[in-house]
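I have a structure I would like to understand better, so I am pasting it below and will then ask my questions one at a time.
Per-chain numbering from 1; labels A, B and C assigned in written order.
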């Protein structure tokens, strides 16, 4: 959990004027308690039965706003994915892409990759989340499991710099091929130019004063 | 790394740099010259009349047969997802609406649904707002399928469907203009509801427009359905069976044309879709003609839903269209005045004269925005191209931490290789037209 | 071997200018350069309700070599910019550029790393059309204004004189943000 106090270090108020101090907390990585509710218990039990190394592979199980997130260790990602896809009780045939998030505050676990999965047979959704450090941004590729992840992994590489081991042809897809930098990272600037008016310029959106 | 002739890598001081450029044409052409077969690499696009936007198709041809087809995308990459991180949650709607520009309402609804999930108010969206959302979404589905129909016909040489389709699209755009003020990219759906109410007079206009469209759809159908030239060009073209669709993550008309009746509106209903009567149209041919028939069928179902929405709107006249929580609800009511559209006078009288809280809420919500609790959520809608999913991450502030769109066209375009390889060049056009990609959504 | 090499001067030149302008403006063929949302509005302008063919422009040439007008409709990303320039270079003179929409004119709402902040960074623009997206009527208005501009375009020695004057004015002008308000 990160704690970011505002301008004058005042604690504990809900004052949003910007002068009274604003505490911004980062996302926590705790786990939810059983019972998870709806089909989540059944799902995790089936997965545990299908994949006996469940407790080593899954770091946390989070249920929030009616959605189940399994935090998986990157070494076991492919096995978990295969079990989720192939086991008849689970049957997550469709992976809806790879979404990346960069948390520069979570030192050692900065880059998160999120894989939303959909099971059409059982009409269920689950989410896999893998965290990797900036220093070693390698994740096993899931193209062999779900071929549709091909371009999604290329996009994650392009936008975040994550290297997917086993992906043949990991090149830039959205940016020009010789672009330097990974735009969606938090340390990459938005890169606008000052807006010109008659008699003044107005700073680009990322440079403006903001009341967060 | 395996050697990829199209993506050579060089080690520089900053790491490995991949060059996927035309710079290796000379290597490629000497290599091709050395081979015995007549292999030609043809580059279609990014500026090309038939590629549905700025799509670059790199085809390796042997005579007229396509042996390898690759898509080059990214020519419309706008950095929308990064832009949303510098704006409030409500301003994000205006960015997000321009991704899949043929189905802006779907982008907005998916985004708003995920924000509402994070805010935990998705149960408290007023019913009238949900009905309006459904109506706008179905109208958008009609206008999007009309563009697919028109441009698809145009690409395959049929000029008339373009004019017929855009006639219907103009009817729908007139309705959009009446309801939201803009023809395209309306930013109408806001987190918590919709920006402003549908005028009661418009409901009868929408009903009449539905009747007119139903009649006109028959004209459109007679143009192409059963047309022997159209069938010759689209039957058994672009074949992608169910297994292919599943592994490539393809949803929407392509999946339904392969026989799978998967429609999020029926399987995982949102926005009150469970209360409407409509069918899921499928075909079992898994080819371009099947997809075309699926889209034609969906038009009629959309009309059914719109008429049911009109009934509901008449019943719910006067109901609120924004969530009741004043700390989230978009405050202003707009009306047309002598200098254009702006805050209505009643609203200004209220915030300036009557209620201090209303003034504070208006000020805070418009300048700073509302706060969304930390966490992540995923919401999906059934857009005309498939499942549009939004993965939002919030850090507890007034700005999104990360908004990622799972656009259906991004996945659907990956099927180009599977559909085109082994066919003729002309069939590439038919396949891409049947996928109906929107490059704004692919590149974001 | 065009008309530009064989121009007379003086009074005869103005007649030729009028004639050439009349011919050029009434049969201006656009090149298909639809990129994003504005492209859809451009397509809507060519269809029956807003019929662009009244102005002789329904023939959207696929090949830039046969086109006169490039309507840059939509946001130009950094990846697309060289392609845009290449298409512009392939067009044969006389050619005009209409930058349609806010994104093409100035980068629009996307003031970021990925979008070129105005296609005038890449190609010389003759007429800018704001809007997001501009209505078909607005596009037609811009095209008609461009037609008027084309109809009265100078040729030959008159053109050289105008080009010299425009260049001098451009060199002497201040950037707009350095103006000290409207009264300066």
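Please note the rule applied: a contact is a pair of C-beta atoms (placed from the backbone, for glycine too) under 8 Å apart; a residue touches a chain by one contact, two chains touch by 3 or more.
A quick note: this is a predicted structure, and the numbers were derived from the prediction, not measured.
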Chain pair showing more contacts of the two, B-C and A-B: A-B
Distance-to-centre winner among chains (Cα means, whole assembly as reference): B
Chain centre separation in whole Å, for chain C relative to chain A (CA means): 44
Centre distance in Å when chain B and chain C are each reduced to the mean of their C-alpha atoms: 30
Distance between chain centroids, defined by C-alpha means - chain A, chain B (Å): 23
Where chain B touches two or more other chains, by residue: 74, 77, 79, 82-83, 443
Where chain C touches two or more other chains at once, by residue number: 79, 112-114
Per-residue overlap in chain A, given as positions that touch at least 2 other chains: 175-176, 183, 188, 190, 205
Complex interface listing, chain C residues touching chain A: 78-79, 107, 111-114, 117, 175-177, 179-182, 184
Chain B-facing residues of chain A, complex: 16, 24-28, 64-67, 69, 93-97, 99-102, 114, 116, 118, 120, 123, 125, 127, 146-152, 155, 168-178, 180, 183-184, 188, 190, 205-206, 211-212
Residues on chain B engaged by chain C in the complex (per definition of touch): 46-49, 53-54, 74-80, 82-83, 94-95, 98, 101-102, 147, 150-151, 162-163, 166-167, 169-170, 173, 183-185, 439-440, 443
Residue ranges of chain B touching chain A (in the complex, touch as defined): 1-2, 4, 7, 14, 17-21, 73-74, 77, 79, 81-83, 85-87, 117-118, 120, 246-251, 260, 262, 267-268, 364, 367-368, 374-378, 380, 387, 389, 391, 393, 395-399, 401-402, 404, 406, 410-411, 413-414, 443-444
Complex interface listing, chain C residues touching chain B: 32-37, 39-41, 43-44, 47-49, 60, 62, 74-75, 77, 79-80, 83, 87, 109-110, 112-115, 132-133, 135
